[in-house]
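Chain naming follows the written order as A, B, C and D, and within any one chain the residues start at number 1.
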């Protein structure tokens, strides 16, 4: 490890230190605000440190990591999201009497895991990143331990995650067994010349897909999603929905691009089936759902399905589309759960549709923000979601994945129904004027309100003027050697 | 003078516009002045124009007000074409119209919607003038529909009574059926000639179409369809009797004198087409003949005074069609004019009677009015005589005799048509004098409330005079051969020459016609005056009763159409009220929800099932990788 | 630039109206009124300053192009030709009316209401102006959301259902159009190497028959649903009858027209051959729609629902005419778009007036209003007559031209369509009879039109009469752009004329040819 | 080691993995489920060791150590959670923890 390497790993290192620092501070003297500030600052610092790495082609830290434009972009995305989530968390946890401080440590750690994933080029680093992410998540999910739902969610997630990562590991082992290397590049070279993958290798890939698929919560590995989303505290749900998926997706893209998985019809078939199944199942499951958190969970499943479509395009345009969509999806999801978090009170999260009846007339601004988020999820113009969906469709049409595209269109119509249903509920007249809940201290309140406002603005900005973002993404992929010749 | 042509239709329109806008604020006198005045002035203009026309004898006057629109060479104008034919029509429309307006001021005096009445009447006169003055078929169609609207508004004038509304709708819709045919005719004409300008079409048609050309026949029949709709001929005659629901002046003006003869005008106007399409022309004749008989028989059985007149109108227009059908163009138009006089007269008299008997229309409740309202009696008698075509003295005799004569002796004439006409004449005089005897003779049944005033009687007298002397401008060849009218028509409509053989003893047939009409009077006298018992005994027989019922119901056409079109349509409409197609989409929604329920079973919340899910996925993936 | 202003004014006005609610409850109405009025004045100014006759070759009056997403070749292109201009005039005119009719009707959340109102108008304006397919789709969607709220928040009893239905139908069809747009985009790109959504660029795209067919159906999906054409109409009656008056006016008057506009602007010039293939079926759909809509309208007892089905019937003429590919028909279609916008809008306004007074839309509850409210009666009468196509009123010109045109293309379907006129008479007169003539089952207090309502009624009457008596100015405006749309057809159309007209007509053609 | 024994060892790992998998499926007691998952993880570890020894590299064993540590961490968190669950539900039956469904 040279100094250069450290420089390139700066964001990760900052996060690690921040985690340690938090632990020490907690040991010394518990104070929510201080911990929160440290966390926020560390995220910001890590994010800023990325600007050092602007425009780098690729710096490999053999054999585990490579820091390239792609990685930098995804790390940046993850860090920004984590920052926003921590903002939301502050107000959310301020109302609660549990020990709040450890939460931030775990948050930082799991963020660290996600960051590690997107730059890893080796099974070991992959595995480490994944596990750091997961183990922290188990605790985060069940953080409000007095709620039995949290514990139920936690245990479910734990067992299933471990179960799936067992598959992942075994798959890796098989791949290692048949190729003799654990670096992506090595695997690529090993299989480059053989047209037909040997069965053992194929099985290995298959089992890895299970592990990845679980984290991405695509059908049929999706079943945990609604329960965990429902059980976990709202900010954590946002985290699972965004950061953990984002990290894994980044990894998936890198790996696939590296080994050029698109050559193998088997893998394509599997992914296509998974994609279609996710779209259909996700939307149909959400159709008459009355629990907002579960609706969002199911919708996230279908959105992963949409992402898969672009991913399967398998060319430059496709990956750009995936990335763009991911950004849009992050903004939207975090925003949505932010609203949920904001409306939650001490005993339970605001998750039932009933909690939203007539929201527009009670809290117009919040309602407007939430409406914007939902419309973005539905892919309506003026929002980021629309441009994202457009990008994905473009990718699909471009490579003539007609079946997938048709499915996408069909499903987004079904999807409209339940998004609009929530909106409709918010616009209904409240028959009984709900007594105004005690407002939080403005300082706290401000944090989340500000964040929401920013998110909404971003949403509209990206929706109306996507050129800038597209510009950035295209540069990123131009610089990334992985994409060479695509 | 001819620069003021546009004023003739414009004035009534203006009048109605003003009445619509300010009618509610004006006093009754004001309304009357505006309403009657506008028509009066345009009548005056017409007469002046007519005199000038007679003096100058030009082919026609033409005036373009503005170009309506112009799309890819389809450029109809708001432009007027006045030749003898249209002049006769506008004369009748404005002059008779004026008289009837005058009469209405008294007739409608008591009505709350005084101004609305005159607004509609003026609007009607305007549209009717547009119809007959139009230089292109689209503008004609404009007027054509306009008069339809007015007749709708006026039939349903007393809207509080749902039956009237029904009659009005019936009239509008049935005439619309005819209009559709006409519209299609226009499409073909436009496609063929690239214009709807009447004179152009008339001049080009012989070049484009050979005699009997399929298209010409088609157009002819379609135009005929339009004509029968407006003129209440078979098979679209059913609306006219019901149209009597409107105020009597309306029946007089619209449903006797002017609008219903629009069909006659149309056919006469487009005579070239019919010349080129013998089949169509024969159809015209046949329609006329059949209609005049059917309507005549129905008229025999009616008790409602106005209904009798309505049926007689249908039958008389049948005569006009017959004339046009056999190519006796000017004879048809001549009869139109005379008919306008005496039928308007009869209606106005009927109106006077009805008013006097406070809206009693059933002839069985009348009688003995000879004494109580002499003026009405005499004028009505004159009108009746003219309708029954009593020889020599009445105008009706000359016009009808001409028709009968050419039906037989004309080049396209046929004995059957002639016999039909003759029989019609016989029936006509029977039902006419049946009216006379039932209303004016016998002992009074209802007391006369108040005898009609001057405003009512003056128009009666004028019309009575016209329906006597009107005939003398056109006398048969064999005595005092005088052909003012047909002379006037000659430049517009082709003349007709009688078969030489028959021409020799034309007087014979005139005598026959005279005998027939007189015979009719005699029969009527016998049955309704001398010995009603005789009639009663006949009517008692079951066959007669059935026949009576059948004729009374206008040969059951209403029932037929009801069962054939109206009921099925309404049934169908109500059957599909919920829109069957919609259920398909709702079905889709249901299916989706069904799937939702099915899927949500899998989310059991039981940890082990989730594990099973993953394992299932694993198996799927592995099998795929094994199979492929 | 002025084109951009039109949209900006509306959007800004909308936001302002929403916010201004805080200061004064009446303020939003005035702001909305002035915003639309300003646009209307702009449009009229354009109309007067750029007379259509002086156009010459290019039908384009104004153009504005700003790069938007250069990476995808998306530009913010606004362009104005006669057709768009007419549509804009209609849009702003009806916009003003819909603000006025809401003056008393909308009591709750007037700020948000006018925000939505103006944004719908903005979206529609964009649709009529933009010449970039991406932007077109963008605006196409933008007009839906506020419309959804208009129906869903201020609608009648069953509003939520109606709003959903409207939204899902239009969205689903819109997405199909999006696919078609993308397909076109990539095909054009792969052919020329220029990836752009620019309408003018894409016009030249050469398509394989199969591809052309598919793409055309993509576009048709959106437009036919919007028009709507039987059997895709079932969203319309619900949406129209549940929406507030202003909503219904905009739906019937403008949203449907965007469908017709799309057919003219995109389907015809982009896919000439495919369109010719499809023409008979399209015309069949049109004829069926005319009859089917009329029958349904006849059986309705809900006044607004009835009016809604009449639109289905009238829009049948539009598709019938569009696929006749000749100037008469297309001019007829344009006239129909405007005239129907006025006439049906007026019918909905009548329904609105009655609803304000009686709080029912059920014609069974109404009757005898002629005596009580003669002004309202005359207003209704005129537009009932318009909807049954009485000469002298705009709709007659529209329908007659359309039929004359379609007759050239297909005789039998034209006959069927013409029969529709009789059915139109049946349902139209039923309105007058039930609402104004027949004695009412129960006695209502029914004040006649107020000054404000006269302010709405009189201009509409004046306009419909103007369209009926002197339509030339409108036709002239539309003419160049119509020829533009038809360019691709001059050749096939000529062939067709001989082809479709059956025996008698054919022989005529021959004879005529001879004597020429 | 020869190729055949490699195959055999790998097979053993596979069998172990299947055993774990099946017992996860059939067990209801959460603790047992946890243990079974551990077995699966260790099976994976074994597979790594076999692979490593096939290519005569240390990497396999390195991975195995990673797996062990991770498993330990997981178990500790898991047990803590199970304790909580037991406090609240007074049972270790995993099916009992199914409040969230649909």
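In this text, a contact is a pair of C-beta atoms (placed from the backbone, for glycine too) under 8 Å apart; a residue touches a chain by one contact, two chains touch by 3 or more.
Bear in mind that the values here come from a model prediction, so they are computed numbers and not experimental data.
*Asks:* If I average the C-alpha coordinates per chain and also across every protein chain shown, which chain's average lies closest to the global one?
*Replies:* Per-chain C-alpha centroids ranked by distance to the global centroid put C first.
*Asks:* Count the touching C-beta pairs: is A-B or B-D ahead?
*Replies:* A-B is joined by more C-beta pairs in contact.
*Asks:* Please work out the Cα centroid separation of chain A and chain B, and write it as a whole number of Å.
*Replies:* Averaging C-alpha atoms per chain gives centres 79 Å apart.
*Asks:* CA centre of chain B versus CA centre of chain D: separation in Å?
*Replies:* Roughly 97 Å separates the two chain centres.
*Asks:* Distance from the CA centroid of chain A to that of chain C, rounded to the nearest Å?
*Replies:* Here the centre of chain C sits 44 Å away from the centre of chain A.
*Asks:* Using the average of all C-alpha atoms in each chain as its centre, how far is it in Å between chain B and chain C?
*Replies:* Here chain B and chain C have centroids separated by 37 Å.
*Asks:* Considering chain B alone, which of its residues make contact with at least two other chains?
*Replies:* Residue numbers touching two or more other chains: 600, 603, 605, 607, 611.
*Asks:* Two or more other chains in contact with one residue: find those residues in chain D.
*Replies:* Answer for chain D, listing residues that touch two or more other chains: 24, 30, 33, 94, 97-102.
*Asks:* Name the residues of chain C that each touch 2 or more other chains.
*Replies:* In chain C, no residue touches at least two other chains, as defined above.
*Asks:* Pull out all the chain pairs that touch, please.
*Replies:* A-B, A-C, A-D, B-C, B-D
*Asks:* Which residues of chain C touch chain B in the complex?
*Replies:* 165, 230-231, 233-234, 237, 295-296, 298-300, 326-328, 331, 368, 370, 374, 378, 385, 390-392, 396-397, 400-401, 403-404, 407-408, 414-415, 418-419, 421-422, 425-426, 429-430, 433, 436-439, 469-472, 475, 479, 501, 503-505, 507-508, 511-512, 515
*Asks:* What part of chain A is in contact with chain D in the complex they form?
*Replies:* Interface residues on chain A, with respect to chain D: 123-124, 127-128, 131, 135, 138-139, 142, 145, 148-149, 151-156, 158-159, 162-163, 165-166, 169-170, 172-174, 176-177, 180, 182, 226-227, 230-231, 289, 291, 294.
*Asks:* Please give the residue numbers of chain B that touch chain A in the complex, ascending.
*Replies:* The touching residues are 592-593, 595-597, 599-600, 602-603, 605, 607, 609-611, 613-614, 616-618, 620-622, 624-626, 628.
*Asks:* Can you tell me which positions in chain B touch chain D when the two form their complex?
*Replies:* 600, 603-608, 611-612, 615
*Asks:* Mind listing the chain D positions that touch chain A in their complex?
*Replies:* 10, 13, 17, 20, 24, 30, 33-34, 37-38, 40-41, 43-45, 47-48, 50-52, 54-55, 57, 59-60, 62-63, 66-67, 70, 73-74, 77-78, 81-82, 84-85, 88-89, 94, 97-102
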